[in-house]
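In what follows, a single structure is set out as C-alpha cells and then discussed.
Per-chain numbering from 1; labels A, B, C and D assigned in written order.
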Amino acid sequence: MNPVAAVGVVGGVLGAGAYALAVLDGAAARGVAGMPRRWADVVVEPARDAALLALTRRSTTERPDAQAWALAPGLLAAMAGAAVASVPLAEGFAVADVADGIVLFGAAMAVVMVGVYLHGWSANSPFPLVGGYRFIALALSYEMPLALVLIAAALPAESLSVGAIVASQAGSWNVVRQPLGLPLYLVAGMGLAFWGPLDGADGADLAGGTAAEVSGPARLAWELARRFVLVAVALMGAAVFLGGWHGPVLPGAVWMALKTLALLALTVAIGHRVARVRLERFVVVAWAVLIPLALVDVFVSGALAL
Amino acid sequence: MTLQSLLVVSAALFGIGVYGALSQQTFVMIMMGLELMLNGAMLAAVALWAMSTAGAPKGQLLTVIVMTVMAVEAALGFALVIGIYRIRKADMTEKLKRLRG
Amino acid sequence: MSRSLAVDVAFVLFAGGAVVAAWLVFRTDSMVRAAYWLLASFLGVGAVMVLLHARFLGLVLVLMMAGEMTIMAVFMVMFMMNPAGLNPMTMVHQHGSAKVAGLVSFAGLALVGIVAEFPDRPRTSDADPTAELGVELLGDSMLIFETAGVTLLATMIGSIAVASKRGRFGDAEEGSGPPPLEPTARPAPEPEPAMEDHDHEGMHHG
Amino acid sequence: MGVIRRLATRAEAPVFPVVGAGGRLRASELALLPGIRLVGTPRAASVLLIIGDLTPALVRPALTVHDQLPSPRATVWWPVGADRGLLQAWPGLVTVEAGDAEGLRRIFAGLVEGRRASDPPLLLDIEPARWRGEGPYGQGGTGMTGGVPFGRPLPGRAPDPDGLELDQLPLHIGPLFPPFPPGLVLDVALQGDVVRQASVGENPFRSWPGGPDPGPLDTGAFVEALTTPTGVAELELSRARHHLRWLADALRVHGLSALATRVARLAATLAPTDGPEVEALVRRLRRSRSLASATAGVGAVDRPAADLPAGPVARAAGAGDDARTDDPAYRALGFEPVVHHGGDARARMHQRLGEAVQSLELAGRAGEAVRAPGPALEGPRGPLRRGRPTPSSALVALVPTALAGSEWGDAITTVVSFDLDMEEAALSEVAGVHS
C-alpha cells in the first residue's frame, strides 16, 4: 500500500476509535452519575475538551528530561499504530498483514511500557515518578498472560499472522473455543492502556500520576496516545477473539467496527463499575492466577488444535 | 546492505560493548556493555544466516541461543547485584576489593 | 524508489542509529537515558534483522529488550547514585585501556568481516523463515532448544535463590560482616557504607 | 473567532479547588454544578477556585498552585462566612457569589475567547538554589555526589523490608492535595510506592495570629444542637448527608468518580423519603467485590479501645459507644448503635453506610421529636462534648501509625477512611466551635 494512504488509514482508525471511546466514556459517566444529558452535547464534548487543551499553554517543571517527555506520547501512538497496521480491517484488507502480526503486537505493547515509564520519569516530579514505577510493576506482570493468550489464539490458525487467525475463526470464534482468552486479554489490555481499575499509573490517588505535570497540547497528546493504545487493544481483540470480519449480512469492515466498539464499550463499563485495584494485591493475582490461567488456556487450546 | 557492511556494524557494536564493559564501574553499566557485545554477535549471526548460509534454519537457532544467553546474563547479573548489594551495600566494582564473604 | 534502495536507506538509518545509540549509552550521565539508549540500539538491530527477513527474531528481540531495559532502568534508579544525571560526573576507570581494547576488537572484527571471504549464498527460499525456525526448534534441534529452556529455568531458580533475602543457608545478611575477633563473639557489625571509604578516590580519573 | 476557540469556549470549565476556611460544604457540591469539571491536578485546570477564606498558612500553597495552572488561567473566589482580608491583595482575583457556577463560566468563557487576560504568575520563577559546578568534576560539591544540585539533596537511603537499602524520597504533601481533606499536610518518606514514615504537619487552619478561628464547619448543625433544642429528624438527616458526602469523596479516590457524583447529588438533595434509593446504593456498594478488595485490611487500627477516639471509626472496630444511646429523645425511638468489626477501611465504609441508612430510617420515624440541649451529642465524626477535644483532633493523631509501611494508594484510602476535617481539628475543644 502507498505509504501516505497507509498512514491515513491507521491514523483514521485510531482517531475515530479514540473519539468513539471518548464519547462512550462521556455517555457512560453521565449515565452512572445520573446527570441529564443531551446527546448532541455528549457527542461534541470530547472535541470541546480537546480544543480547550489545544489552546492552553503547555507548562514545564523544573529541569525535566524534555526530549523524553516529548517522546513518550509519540512512542505510545506509534506503537498503537504499528499494532493497528497488522490487523485486517476487512477480509483481505490490512495495512500490513505481516506474517508475525501478533509478535509485532506483543513487541509494540512492550515498548508501550517504556513510553509510560519515560513519561513518568521525565517530568522530574514525585507523583509522576511513582506513577511510572507503578506502571512497571503492573505491566511486567501482565505482559506474560498477554503473550500466552495470543499464542493460544494463534494455535488453531497455525500462523502468527492476524489475518490467518481471523480466517481460522470462520467456523467458531476464539471467544467460544478459548473462553479464557478474551477475559485475560482484556485485563492485560486495559492494564497496558492504564484504563479503568488498572489506571494506577495515572490514578486519582497520585493527582494524575504520570500525567500530573502535563498541560495543554502535551496533555492532549498523552490522553490521545493512551486512548490509541486502548483502541489498538480493542481492535486486536476483535480480530483475534471475536472473529474479525466474520459475520452475517453486514460487510466485514462493519462487523470489525462493531466488534471493536463493543469491546471499547465493555472497557468503559468496567471502568465505571470497578474500583481501582490495589497494586500489590493485583501483582500477586497476576502472577499467581492470571499466568497459570493463561498457561491452561495455551495447553487446552494446543490440545484442541492437534 | 551487504554482508561486509553488516559485519562492520556488528563489529562496531561489539567494540563499543567491549569499551563499556571494561571502562564502567557500576555493575549494571558493565552488564550493558556485555549486552551490547551480544547484540553485535547476534547481528553478525543473522547477517551470515541471511547472506552466507542460504538461510539454513540453524542460523536462526544460533540467534535464539544468543538471546537465551542474554536473558541468562541479565537474570544472573541482576540477582548477583542484589546479592552483593544486600551484603556489601556496594554497587561498584571498586568497592569489592576484598572478595570474601 | 526501488525496493532495494529503500532497504538500503532503511539499513543505513537503523544500523547507524544502533551504533550511535550504543555509543551514547556510555556518554550520558542519566541512568534512565543510558538504559533506553541501549534499548534504542536493540531496536535498531531488531529492525535490521527484520530487513534481513528474520522477522520473528527481530520482533522478539524488541519484545524482550523493552522489558529488560525497563527493569535495568529501575534497577539503576534503585541502586545507583545520581540516577537523573543532575550531577555531571564520570564513573569510568581504566578509560584509556578500555578505549584501546574497544578499538582493537572493533578493528579486528571489522577487518575479518571485510577481508575474509564468506561464501556468497544469500537466502533464496521463499519459505516463511518463522516457520522454518519453528520446524527447526521442534525438529532436528529440539534437544538444543530444550537445553536452552532448562537453562533458563535453572537460571530463574538460581537467581531467585541468590537474590532473595532468605537463601538456602538462612538470612542473607547473617554473618555478612567481618568475622569476629574472638571465637565466641557475635559477628562484628557490617562495614561502614563505602561512600566515604578512601579506597576509591581514584575512581574519577579517566 | 476560529472553530477551535468557539469549541473550547463551550467546554466544561476545568476547575482546581482551593478549599479555605468554611468552604468544605460548598466544595462538596462542586461536582454537581453544570458546566464545571473538577480536576485532580492544577496542570489540567483553567480556573483556580478559592472557596472560603484563606488562612495565612494557606496563602503560600495557594500561590504556588496558582502558578502551576497553565495559562490562560483565572482565579475566582467564592467567599463563605467571614472575610478577614487576606484575599483582597490577590492580584487578578474575581469575586463571584459562592455557588454561582454561571458567574464562573462567564469568566472562563472570557478567558478562552481572549476577552480576559490570563493571570500573570504571582511568585518568582527561580530555582531554589543556583547550581554551581563545584568540585573536580563539576558535580556540585565534594565527593562523588556530595553536591546539592538545585538546592535539593539527592534522596537519602534507608533500609526497606526486603533487606536492601534503597532511596527514600522525603515529600511534603498538602495542604491542597485533592484526595486529602482540605488542609491536611503530611510529611512522608516514600520508598517507591511505599510510605516508610509519615507525620502530620502544621495545621494551616491554626495559623491565624489570634489562634484558630475557623469558618462555618460542615458539622455546624450538630455543634449548634448542643445548646439549642433541635429536631431529631433534622439532625439525623444531616448525619446521613454527611456520610454520603464522605462516601462521594471516598468513591472518587477509588476511581469511581461518576458514581461519586451520583452519591454527591443524593447527599445534596437527601430527604427522609429517599430511603429506598440509599438502601439500593448501599446494597450495591456492599456487594462490590472490587471495592471490598480495595479497602479490606487497609489502615486497620487495633483496638486497645482506650486509644481509639469514640465515633464511627471506633464503632467500625467493634466499640459500641454512641452518645445517642443515653439520649432520651433517641431512647424513645429505640435507638441501637450500628457496630462493625475489623477496624479497617472496609469496616469504616460499611459502618458509615449502615449509619446513613439508620439515620434516614430514624429521620423518617422521628416525626416532630425534639432533642433537648445536653452536654454531649453524637456528631458524624464522633461525640461532641463541650470542653472536650473535637473528634477530628483525636483522629488526626491516628494517621502516622496507620500509614507507616502502607502503599501510597492504601495510605490515601486510610486517610480518607478516617473522615478528617482539619478545620475542626484546629480547635482543641468543642466549646470554641461556632457555626
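Odds and ends about this structure:
Basically, contacts are C-beta pairs under 8 Å (C-beta built on N, C-alpha and C of every residue); 3 or more make two chains touch, one makes a residue touch a chain.
The structure displayed is predicted, hence computed values, not measured ones.
For chain pairs B-C and A-C, the one joined by more C-beta pairs in contact is B-C.
The central chain of the assembly on a C-alpha centroid basis is A. Here the CA centre of chain A is 33 Å from the CA centre of chain B. Between the CA-based centres of chain B and chain C the separation comes to 5 Å, rounded to the whole angstrom.
One simple way to say how far apart two chains are is to compare their mean CA positions; for chain A and chain C this gives 29 Å. Chain B and chain D have Cα centroids lying 52 Å from one another. Along chain D, residues 150, 163-164 each make contact with two or more other chains. For chain C, the set of residues that touch two or more other chains comprises 56, 60, 64, 71, 79, 86, 165, 172-173, 203. Of all residues in chain A, those touching 2 or more other chains are 63, 133, listed in ascending order. On the side of chain D, the complex with chain C involves touching residues 133, 136-140, 143-145, 147, 149-150, 154, 162-164, 166-167.
Across the complex, chain D is touched by residues 82, 85-86, 89 of chain B. Remark: chain D residues 163-165 touch chain B in the complex. Every residue of chain D that touches chain A in the complex is listed here, in rising order: 3-5, 7-8, 10-12, 14, 40-41, 43-44, 46, 68-72, 112, 127, 150, 169, 171, 177-179, 190, 192-193, 251-259, 261-262, 265, 288, 290-291, 293-294, 298, 407-410, 412-413. Against chain B, the residues of chain C that register as touching in their complex are 7-8, 11, 15, 18-19, 22-23, 25-26, 31, 34-35, 38, 41-42, 45, 48-49, 51-54, 56-57, 60-61, 64, 68, 71-72, 75-76, 79-80, 91-95, 97-99, 101-103, 105-110, 112-114, 118-125, 129, 132-133, 135-137, 141, 144-145, 148, 151-152, 155-156, 158-160, 162-163, 165, 172-173, 175-176, 190-191, 193-194, 197, 199-200, 203.
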